[in-house]
Amino acid sequence: MNEFVFFLNNVVISGLVAGSIYALGAIGVTLLFGILRFAHFAHGDMMTLGAFITLVLTWILAGMGVSSGLPLAYFVLPLAIAITIVAALGLDRLFYAPLRARGAKPVTLLIASIGVTMMLQGLIRLLFGTGTYSFFEEVPKVIYRLPVEGATRAITFTQPQAVGVVVTILAVIALHLFLKRSRNGKAMRAVADNPDLAQVSGINIRKIVRLTWIIGAGLACLAGTFLALDVTVKPDLAFNILLPIFAAAIVGGVGQVYGAIVAGYLIGFAEVLAVFNWSVVLRPFRDSLPDWVPTTLAIVPTEYKVTVAFVILVVTLLLRPTGIFRGASS
Amino acid sequence: MSLIDLSSVVAGYGGVPILNGVDIAIDASDIGVIVGPNGAGKSTTLKAIFGLLKVSAGAIRFAGADITNARPDALVPMGLGYVPQEKNVFPSLTVQENLEMGAFVRTDGSGDTLASVYEMFPPLREKRRQKAGELSGGQRQMVAMGRALMGKPKLLMLDEPSAGLSPKYVLEIFERIVAINRGGVGVLMVEQNARQALAIASRGFVLAGGKNLFTGTGRALLDDPEVARSFLGGAKPA
Amino acid sequence: MMQRAGILYLGLFALIVATGFAMGAPFTVRLLVEASAYALIALGLNIQWGYGGLFNFGMMGFLMIGGFAAVFMGMPVSPEFWDSDGPWMLGRALLAAGVGALVIVGAGRLHRIGFPRWLQRTLQVIAWIAAYIFFRTQIDPAIAYIEAGPEWIGGLGLPVWLGWVLGGLLAAGVAWLIGKVCLGLRSDYLAIATIGIAEIIHALLKNMDWLTRGTLTVSPVPWPVPRPQDFQAWGTSIDASFIYARSGYLLLVLVILGAAFFLLQRAYHSPWGRMTRAIRDNHVAADAMGKDVRARQLQLFVLGSALMGIGCAILVSFAQIYDPSSYSSVNHTFIIWVMVIVGGAGNNLGALLGAFLIYLVWLLSEPVSQWLFTTISGWTEAIGWGAIPDITSRSVQMRVFVLGLVIALALRFAPRGLIPEIGAGRRRGEPKQQSPDEA
């Protein structure tokens, strides 16, 4: 039983948490890919930016003497999302929109997003240094332990993990309703499908582009804060997970929101399964196993976790280049 | 006052202009058909009207208002509908969603128009929950025309509506076009199927090299031996 | 055009001379050595992106491989390792990898001798898994053994310039493997795939303590020319010893850079160069004309990566330290892109100018922002807001921001770079002349 609980803690819960973060990031990437037709490499840093904005807002709130049993990050999150959105719209206006207006190709916008990445990273490090920060200076991180009958271990997860997964699910449902039911949501899918026809149907493309940034940046802030609550806040917080996020967007099929969600969780679970030490599961049969079976049986050592998303990406691209949900091919 | 009125329009994609002074005028009761050889500027004329490329000289008026170089999202609410030749549906949207996109700019309810589009194209009602990308070519053309009609246009512009369709569908689509026109919508279309199209046209325009070569009623053009020889593939069969 | 290039190069020269007066000769010679090595790397990217339109965002990986090669060739032999069981165990692991590769390749061809496709596919997947497990059973104990005993395998004790050659060869080899798999991808996917590969190489070299000492770092990596210490031993003053030694190094690097530049210019104007540009501008048409697009792109990818490997081997041996954890995408991939884009993609003169100019900006933005922050800090203190904390560490970060701004501005206001490619009517990034679609 203990082994089962261990598996639950290290695979199911970790996979859910990682998958939720990847899915939130990948939705933004895939939407921007679908509408603006370029790979927005600065998306990871937009997540980091969102986390730092949340952090600063909690400092301000704490400075005003507000305190609560819950981390202040929960309360300032809506405002942080709004600020991140404004920042994203500003970046678009300053750096991407002029290139689009000139008719620049998507690769030029991609290179521009590298510039934006550098600016955001430079700015964040300039303001906050290279150290790490925590949302849990004032209040301790609440840890839930659900005892399991017949096991000495308990199912363990933290409060921010639970909140994060629930909020992700709510955000995905809200996005689903928006895309399927609302006029602007349908228009957004129409633009992703066929921008020229959307234009001759009278859809204001600029407005849809703005809407895309709003959703993408909002979810990025959410994902960044969620990630920061789970670990710590640091300047290279999300740049390191750029690969899994882009892998999820491509594996899911470019422009396909549902594909990005599925692929986000797929990659999240694949990663934790790959670094999971399977010998733990074999422990009950320890005595009957031949002694050449090593004590650590992980498919990939933890330090090489980055290879998992990459392998999934490359295998997908080679076998099914349009992704599992058949995304835009051009 | 004509519904649409192009006078000496010069336009292109930057560089050498493709249209070198095109004159076209039709009324709300007309079906106007533009024919001509490849590269004559037929599709380009429709695009110029719809603000998809730059008009460098001349003027385009719609119901009296100057719409030269206006943006598409301003033209649709004024009552212009445009069906491009290729890629004229949203493949991953359902048929009904495709039609709704046609009514995007409308602020009044579009339920009545939707019902009348389904009445005009009955197969679409059956397939309204199906993705447009999964339909046959003829049904896709219906979706495309239906989408344009959802904006309640005063003028419907069609770019080669019969391209790639089987003869049975060509006839059906042309019948619908006549029906749409009877409902009070002016039609301006580009066609390769010149003879068939001119047969339903009240106004015909033969373009070549970005200029008007002949202008007249559809009947007159069909009967003109010169037009028949150069553009309709020989004399009219007896 | 040549006039414009001349003026720009004169300006660059003036800037370097000014830097020399402001920061002193040892600093400036160091700057020139490093900038020349970066120029070699930028030429490598220019081959890939400028000549071939290939989107390589994995420079960091090729650079790390080049650096490793310098360490492996140049560092002294470790008798502790060679006298232990380590070589034997590593040899077995290598053999296991070879056998595994053979089995995988063999399984890939089974359908040719009559196996049904599904069976062949299944067997190939099984072959991959089996080969991986077999390799792990050999390499894991070898690593544990080496890290417990002699710590790492040491070097070969050969002249370090052989390491530069090896750096080029290793980077080329890895590029060939990557290119075989990834070059068919559309450009933005290629960018992501190469970023992924670079991250994996980074993770590997950082964690393979037995090979690179990982975070423990390797130093001192030898020089191919006399070092400052050598000059000091011969009785030169400390200041002069740095200038002499670094000038010697600079001379060597400039010879390599000059040779590379000369050969690349020849190649650019040859039929081979014209064909690669034709492929870049319209690979569908080139394909239709019977040109082997994939093979040509693979050549460019391998050649460019080789230059990157050599460039970083030069950098590592100049710095005398190899620290795998100090590599980052920003400092080792993005900066090269800034150099090539700002200089003018497709034009070697432009890439060269871009490399020197951007490296200058990169190095100088630190002291300049330090001066700026100190000045502002003086004001804020004067009006009672207190001084800016941690000025030194903040100034280092300023340069990342500055470069990001530089590339964003370049794309907006000079998308073809300072010295654009000659005769390029339309460049990537500019709107293509649209043709009427009625044809």
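As written, the chains take the letters A, B and C, and residue 1 is the first residue of each chain.
In the analysis below, a residue touches a chain if its C-beta (ideal position, glycine included) is under 8 Å from a C-beta of that chain, and two chains touch if they have at least 3 such contacts.
Since we're looking at a predicted model, the values are computed, not measured.
Set against one another, A-B and A-C show the most C-beta pairs in contact at A-C.
Put simply, the chain closest to the centre of the protein, by Cα centroids, is A. One inter-chain figure worth recording: subunit B and subunit C are separated by 55 Å, centre to centre, where each centre is the mean of the chain's CA atoms. With centres taken as mean Cα positions, subunit B sits 45 Å from subunit A. Distance between chain centres (mean CA atoms), subunit A to subunit C: 29 Å. Chain contact summary for the complex, subunit A toward subunit B: residues 183, 186-187, 189-190, 192-194, 196-205. Taken together, the subunit A residues at the contact with subunit C in this complex read 38-39, 41, 94-95, 98-99, 102-108, 110-112, 114-123, 125-126, 129-130, 239, 242-243, 246-247, 250, 294, 301, 303-304, 306-307, 309-310, 313-314, 317-318, 321. Contacts from subunit B toward subunit A in the complex involve residues 50, 52, 72-73, 75-77, 82, 84, 87-93, 97, 100-102, 104-105, 147, 151. Subunit C contributes residues 55, 140, 181-182, 185, 187-189, 191-193, 195-197, 199-200, 203-204, 206-207, 329-330, 334, 337-338, 341, 390, 393-394, 397-408, 411-412, 415, 428-431 to its touches with subunit A in the complex.
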